[in-house]
Amino acid sequence: MSVEVVIFVLMGITAVGGAVTVVMARNPVYSGIGLLGTMLSLAVIYVAQLAHFVAAIQIIVYAGAVMTLFLFVIMLIGVDRAEDTSENLPHQRLIVGGLALVTVGFGIFLGFSSGFDWVPAATGDPVPESTNGTVQAVGESLFGTWVLAFEVTALLLTVAAAGAIALAYYRTGPRSEE
Amino acid sequence: MTDLLWLVIALPLAGAFVLHFFGRYLREPLSGWLATGAIAAAFVVSAVAAVPFFQGGDVEAEQIAIWEWMPAIGANFELQWDPLSALMALVVTGVGSLIHLFAIGYMHGDERFHRFFTYLNLFAASMLTLVLAGNYGMLFVGWELVGLCSYLLVGFWYTRPTAAAAAKKAFVVNRIGDFGFLIGLMVVFATFGTMSYTGIFERVGSELTTGAATAIGLLFLVGAAGKSAQVPLYVWLPDAMEGPTPVSALIHAATMVTAGVYVVARSAPIYAEAPIASGAVAVIGAITAIWAASIAIAQSDIKRVLAYSTVSQLGYMFMGVGATAYVAGVFHLMTHAFFKALLFLGAGSVIHAMSDEQDMHKMGGLRRRMPVTAATMGIATLAIAGIPPLAGFWSKDEILGSLFERGGMYAALWIVGLVTALMTAFYMARQWVLVFWGEPRWEEGVEPHESPRVMTLPLIVLAVLSIVAGFVNTPLRFTLEHFLEPAFEGVSLQHPPEGWGMFLLLAGLSTLAGVAGVAAAWLAYNRPPQAWRRFQDGFGRLWTAWENAYWVDDLYATTIVGPGRRGAELAAFQVDAGGIDGAVNGVGWLFQRVGQSLRGLQTGYVRNYGAGFAAGLLVVAIWLVARGI
Amino acid sequence: MIAQASIPAPTISWLGIAPELVLGLGAALVLLIEVQWKPPRRVLAWTAGGVLVLGGVMAVVLHRYLDAGNGIDQLPFAGLIALDGFGVFARYVLFAVAGLGLLAARRMIEEVGPRAAEMLALMLLATAGFSLMAVSANLVMTFLGLEVGSISLYVLAGFAREREDSDEAAIKYFLLGSFASAVFVYGVALVFAGTGSFTLPAVREYLTGVVVLEPGVILLGLALVIVGLCFKVTAAPFHSWAPDVYQGAPAGAVGFMAAIAKIGGFAALVRILVSAFPAMAADWAPVVATISAVSMVLGSVLAIVQDDLRRLLAYSGVAHAGFILTGLLSGADGTADVWFYLAVYTIQLVASFAVVAAVSGSSGSRSALADYAGLAQRQPFLAATFTVILLGMGGLPLTSGFVAKFGVFTDAWAAGYEWVVVVGVLASVVAFFFYLRVVVTMYMDEPDGVTFSSSASIRWVMGLAVASTIIFGIFPGPLLDLAGNAIPL
Amino acid sequence: MLTWLVLLPALAAVVVMLVPRRRSEVILPLGTALSVLPLALAGYLFAVFEPVADYQFVERAAWYEPWGISWYLGVDGISMPLVLLTAILVPVSLAASVSIVDRRKEFVIFTLLLEAGMIGVFLALDLFFFFVFFEAVLIPMYFIIGIWGSERRKYAAIKFFLYTAFGSALLLAAVIAMSVLHAAQNGAPSFALDELAGLDLSPSTATLLFVALALAFAIKVPVFPLHTWLPDAHVEAPTAGSVLLAGVMLKLGTYGLMRFNLALFPQTSVDWVPVLAVLAVIGIVYGAVVAIVQPDLKKLIAYTSVSHLGFIVLGTFALTSGSLQGAVIQNVNHGLTTGALFLLVGMIYDRRHTKKIAEFGGLQKSMPLLAGFFLFMAFASIGLPGLNGFVGEFLVLVGTFPSLPVYAVIATSGVVLASIYMLWAYERVFTGVPDRDENRVLSDLSPREIGLLAPLAVLIIVLGLYPKVLLDKIEPSTEAILDRIEASTDYRVPEPGRLGDVFLAGGEG
Amino acid sequence: MTDWYMILAAVLFLIGAMGILLRRNALVMFMCVELMLNAVNLTLLSAGRALNDLDGQVATLFVLVVAAAEVVIGLAIIVSIFRQRDTASVDALSELKG
């Protein structure tokens, strides 16, 4: 049993646990914490898969920036308390449960059918060198073959900035009472 | 001369045309004279064209093409000129001219005077088209056009609801007959590939099976029964008396109603191949003859008596042509045209004089006020009663003789004919007596007077004809028979028995019937009203049945018209509006309903949408993945 | 070891991305001008318009350059984008529709207050995003373009903040949109796992070159990709956001939003299916056919019962998505017809919402069908042109809509999907019903005292749209020829 | 030349469109005058039309090569009379529309566009363009009914549109299918009628296509039981709409059946004769029966169309020389007669503002001329020999009998029923004493109205007495259809005389 | 091993998807979207490793950026709504329907 397996089992459990927390927690703050747990677990798994740079970004961007933003908003709009999680839409849980059941059932069926290969294009065992996600390796790729995509993220951020401004910054006149 | 034969049709047609468009600019009598002139000219033309036939000898029938109409089915405008059509044309134009003349007086003062003559002329043209047609297609043109004119003229006084209804009834019942006639035409075309007389009669021997011939014969009989008012389609004719009396004389006595007889005579070569159809014609004729005669006995309306009499006499003609005694049938057609036209015109004269009174119970004693009318009508009455030597005697006797000679079933028909003759004599004499004899029973303020010359002149001419016309075909001299022979070439004609003995016996019998009828009527009716009422009561319920024409109209109303209308209403309002259209609208409604219920899926809750999305996703995913394993 | 290795300078095909570059820079320019000078909004609008025109010019230049065929790399940026007829046509349609959308939004720009610059920038960026999505030959690139465009549209949907509807539209659009994006990108990841490549031509080569014994993961990825994109193009049953968003979003922008997302979505869908997965056509075509049929039926039937014009147009859009998908069934043979359909339909869509904007006010929500009663008497031009547009969307002969439907149905029939065509023609009859309902309301109902206003820009939109509808209806040849080259690499 | 025939009305519409709204008084005269131009051109073409089977004045230009679509026009003996009929009825309907005051300009434009479309349908030899025109005519008619109709106009307009659009949807599918088949068999798609006629179709394919086409056309005709849109549309439409609807648009269906179903699927046509003949005969009887009791004069006439058009369908599928000629000429006849009847009902409506038969009575007293014209047209419709209606019906019946004797016999009852519904209606409307005050003071026809009816009356007489003007030109084309059917199927047109041996062989055993 | 990573990713994706369907707090729903994107990242990365292809990692970065941009806009929308309605429950936003 290699180290990777150990890491996978441990982190897998925490990741799933975090995810379940996100969905089940009555308090949005706990959901946020759960999400944070999942992200950190995934970061560890990334490291185990030699994706150092991605793991770092995962922690910086997700755990750092994104989650902070989430928690900030939670606090800002004051939903940091337990809420009623009972279902008010008729049949919603039934439907979702059914869908989940079908999905899981189909997944298990696939697992036993042995006709499903997750990475059929893989030619053999992973070669550590080729996917060692150092900053340099990733950077070369990012600024080489992926340069246009990288530039497009600039557009994305412009959109985010302009959108955020448009949505939140200006206040128009008093709301019309309808 | 036959080159100009088309003028026979064209002249009255032109008259109608001119009158239609310019009639309103003509002063009253002028339009009448114009119309009369047009048909008189047609008479002259046809008389001149018929000269070769009178001269005798081997005169071939002629076909004169005018123009192609529907060549695909061999129906073109072409004229047939043979003795039969010549005779018919002469009768139509001759009697027609006299009736036109009469109408100038009769219609005096009517606000649509010129319109009346338009229609009369149009009728004459149509009837001439019918009789001169060289093929069944064109014959049918005339056949229908006379129906149209009948419709127009019966409904001439359209503000009377009864007149309008009668006009419609006449046309519709005729159409029912046409139903058969049209199918007959289809069979003719399907059998021969043409509709022209010559084409058909050439091929009768080779192409025609008995089955087809019988079919054609029976189908033509249906049409003829409609047009010639035979049982069971005669019901329109009594109602058609709503029209002005000259119309009744011209259309419903002398000409149009004889078209059925003409068609059967014209189709003699076909009937010759179909004894069953021939027999059917005769039987129908016999039933009609006695049936209508019995009704006529009890009628009180002067024109209705004549109407039922016409029906009855047409039945006679049918008996004649049905027994293949075509000459006899046509002979009776001709004489009947004279005396029945005379009777109608006389009746018109009476009605005219009595200020439109038609009930004979309110007449009586008119002979002193209207001597000419009384005399001429008396002649006509004797003629139709079959009193020798008037015209009716000869023609009727020839039919009866032929029936007797034919024997078998036809002998039974002969007895029917004899009884009918008795009844005919009775009811005609009854009419004459009721109208002209006895004491006046006029309503207050009615001042009868003799009709003007323009009306009496035709009466006199027709009276003369009613006397002499019988002599064209007597056992002494079969002039008409020889005249018509070329038209019935190749058809074996039925004749009365040979020899004077038989003739005298049969003639004696029928004369006896006639005399007996006249005498009975005289005895019964030349008495005060109470007396003849008692006489009538002696017949009990039978008289009521006759008076009400055996309630046939009611029967038709309850068995055909009523259910038909209810059926139509069912179809229109239940089946069509409810069922078929309901189904169509139901589809629309269904779409709306489905749409409305699907709208329920769009709840507005984003999580519901998500679930729908996920469900769709799952289906697609499973579907695709399942294809990969 | 870390410091020495220098990264080689990438080769940049400036011309290849010139149109999008212009748009991106233009968006920045608009924002800068606003920050710097706070000019009248008219100036901003004209600037944005100019940017669009310039972008369009770039697209034309690129087209000419490609036609000249002087050895240009058709897959620049290591295959991130493809320079092909497909992209050329996509850009034309996108820029034309965006231009019309801008024109239709003219009044909203005036009314939206100080946020005009953001709105214009977002419109330009959305155009750029979907344009990239259309030219992208790489699934990740497609995802990026999709997100650039979609996120801009989320914001536009919520732009009329003074109306609660607008918020609702924005959050619904956003949540479901992100969900769908996640699905899409998961599909991309699985395709990558299955084929080892993000690049469409590479995927195609892999799939045609190798017999994949266990293609489950590829098919799963493909399913997710298809569904993700079907969401964008409002194909049923992934359409449920559309009616709500169209109804809630500001009228002035809805036409633009709806049209441009459809173009981008379909461009990506067609490109991915035709360019990368022709080998799996036997697998995806039945699925697409089913989605198409469901869309046609569901969209038509639901549109019948709508009382709100915007929802009606949304559901009709679902039906149209179904119609367009039928053209996809014959693969590469059908791309020309799909593009023709997309072009004429999106123009009509923008024009329809221009009328909505004219009647309800650019940010207003008054779009109940009853409000259109008597439009013919009050605004004859608007009513007449709208009628032509509606009939065009209905697919009446002599309009471009008919040629478009004819084209895609022919493709589907030729591909052996006769039943889809039968469903399609029947659905188009149902579609006539609801389009005619609008016409009936405009022409045959009496006005109830509502006043309508239309501006010159909206009349321009309508005029252009009607002209294109009729001209391409009678002489579709040139456009069809142009679309005929729109085959993805 | 033919292109101009299509374009002229469209251009006329454009000219009318350019008339400023304030000069609305010139619009109707202008529109009428302009609509005479196509009539003149059609008349000229008719005059120089050679009585041969081939298509004449053919024009063909590629429209979109890759799809195999071409602008392909031509006329033959089947379409020529219909083109002429269209060109005649449009000026008449326009001139009859003085009572339309509201939005008159649009009305004229729609009518002219309608004419362009209808002529296009008859001229198109390319199925694509046939379909285009077939469907395009719906829109102007939809507006004419929907805007200028009476109370339930919206319902009627939408019903009309959807019902017929449903039919054309199937037509579209069939057209697409044929072009795809042509591409599969000959390498390139094509929509040209003559080229599609050469398709090699399996029986099942041919049946499906035949049914799709037949359904589309049957709805248009309309064949029982697909007829219920017709009474609604007719009743609600304004006079001009009814005239053109009954006069021309129904003929699109019968024309389609003859032109396409017979030409493209000879064997299937022969196989399906019983089905269509049964429906046609049901339509004849049923339409007539239902017409009898209609309380609305216009609806009554509408139902008579169901009956009369049944004759045309019957004639078409009886597949004999006479029946086909009869069907073609009956197209024209029905157009003239029923068009005139609708004009007359419109004239009554203009005066009395009702169409309910029960409201009338004795109108002949106040309007003798109108009554006269009505009666004339009624008799033409009944099928009085000497008038046009008879020629068609008689040819159809007599022509049908050899091939479908039983149907012909049943169909003949339609002739009887026709006299019942028409004459009963006439009796109730025109005869008797006018017992309502408003019926007494009606003004008779104006010279303008006479001017509208008189040409139709003249045509009715001319066609009744000398149908050869049309038959000569029709015959080669109908013969060509029969030749084609005989050449490609086992069917043989029955020869005269066969009937005597086979159908009624009773006597000889 | 790769299969297990992929399965883990799939499970996370599924949990995220269920969260969106089950929770009505917009913020939590949005977190679930992030969860799904993380699952995608894990998939990309694991597949890239199995394929010996660094592109998987690079693609992960782009998904990450997209997620960040989405967060910005999503939170802005949520804040905007909260300001108007005092609620973060999406169930309260169901005026548009039918």
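Which chain is which? They are A, B, C, D and E, in the order written, and residues in each are numbered from 1.
We adopt the following convention: a residue touches a chain if its C-beta (ideal position, glycine included) is under 8 Å from a C-beta of that chain, and two chains touch if they have at least 3 such contacts.
From a predicted model like this one, the values you see are computed outputs, not experimental measurements.
J.: Going by the stated contact rule, which chains contact chain B and chain C alike?
T.: Joint contacts, listed by label: A, D, E.
J.: Which chains does chain A share as contact partners with chain B?
T.: Shared contacts of chain A and chain B: C, E.
J.: Can you tell me the least number of steps between chain D and chain E, where a step is a move to a chain it touches?
T.: 2
J.: If every chain is reduced to the average of its C-alpha atoms, which one ends up farthest from chain C?
T.: Farthest by centroid: B.
J.: Name the chain whose C-alpha centroid is most distant from the C-alpha centroid of chain E.
T.: Most distant chain from chain E: B.
J.: By CA centroids, point me to the most central chain in this structure.
T.: Chain nearest the centroid of all protein C-alpha atoms: D.
J.: If you tally the C-beta contacts for B-D and for C-D, which one comes out higher?
T.: Top pair by contacting C-beta pairs is B-D.
J.: What whole-Å value do you get for the distance between chain A and chain E if each is reduced to the mean of its CA atoms?
T.: Distance between chain centres, rounded to whole Å: 5 Å.
J.: Please report how many Å separate the Cα centroid of chain A from that of chain C, as a whole number.
T.: Here the centre of chain C sits 29 Å away from the centre of chain A.
J.: Let me have the rounded angstrom distance from the C-alpha centre of chain B over to the C-alpha centre of chain E, please.
T.: That pair's centroid distance is 95 Å.
J.: For chain C versus chain E, what separation do you get between their C-alpha means, in angstrom?
T.: The computed centroid separation for chain C versus chain E comes out at 25 Å.
J.: Where in chain C do residues touch at least two different other chains?
T.: 140, 144, 147, 151, 154-155, 158, 161, 164, 170-172, 175, 179, 183, 193, 196-197, 214-216, 218, 243-244, 433
J.: Chain E: which residues touch two or more other chains?
T.: 6, 16-17, 20-22, 24, 30, 46-48, 50-51, 53, 55-56, 58, 62, 66, 69, 73, 76-78, 80, 84, 90-91, 93-98, in rising order.
J.: Do you know which chain B residues sit against two or more other chains?
T.: Those would be 599, 602-608, 610-611, 614-615, 625, 628-629.
J.: If two chains touch, include that pair; go through all of them.
T.: Pairwise, the chains that meet the contact rule are A-B, A-C, A-E, B-C, B-D, B-E, C-D, C-E.
J.: Once bound in the complex, which stretches of chain A touch chain E?
T.: Where chain A meets chain E, its residues are 4-5, 8, 12, 15-16, 19-20, 22-23, 25, 28, 31-32, 35, 38-39, 42, 45-46, 49-51, 53-54, 57-58, 61-62, 65-66, 69-70, 73-74, 76-77, 79, 83, 85, 87-89, 92-93, 95-96, 99-100, 103-104, 107, 118-119, 121-123, 126-127, 130-131, 133, 137-138, 141-142, 145-146, 149, 153, 156-157, 159-161, 163-164, 167-168, 175.
J.: Please output the residues of chain C touching chain A within their complex, sorted ascending.
T.: Counting only chain C, the residues touching chain A are 2, 5, 7-8, 10, 12, 17, 24, 27-28, 31, 77-81, 113-115, 118-119, 121-122, 125-126, 128-129, 132, 138, 140-141, 144-145, 147-148, 151-152, 154-155, 158-159, 161-162, 164, 170, 193-197, 206, 212-218.
J.: Any idea which chain D residues touch chain B in the complex?
T.: Chain D residues touching chain B: 159, 162-163, 225, 227-229, 286, 289-290, 292-294, 321-322, 325, 362, 364-365, 379, 384-386, 390-391, 394-395, 397-402, 405, 408-409, 412-413, 415-416, 419-420, 423-424, 426-427, 430-433, 465-468, 471, 475, 494-501, 503-508.
J.: Where on chain A does chain B make contact in their complex?
T.: Residues of chain A touching chain B: 89, 92, 95-96, 99, 102-103, 106, 110, 113, 115-116.
J.: Under the stated contact criterion, what part of chain B meets chain C in this complex?
T.: 591-592, 594-596, 598-599, 601-602, 604, 606, 608-610, 612-613, 615-617, 620-621, 623-625, 627-629
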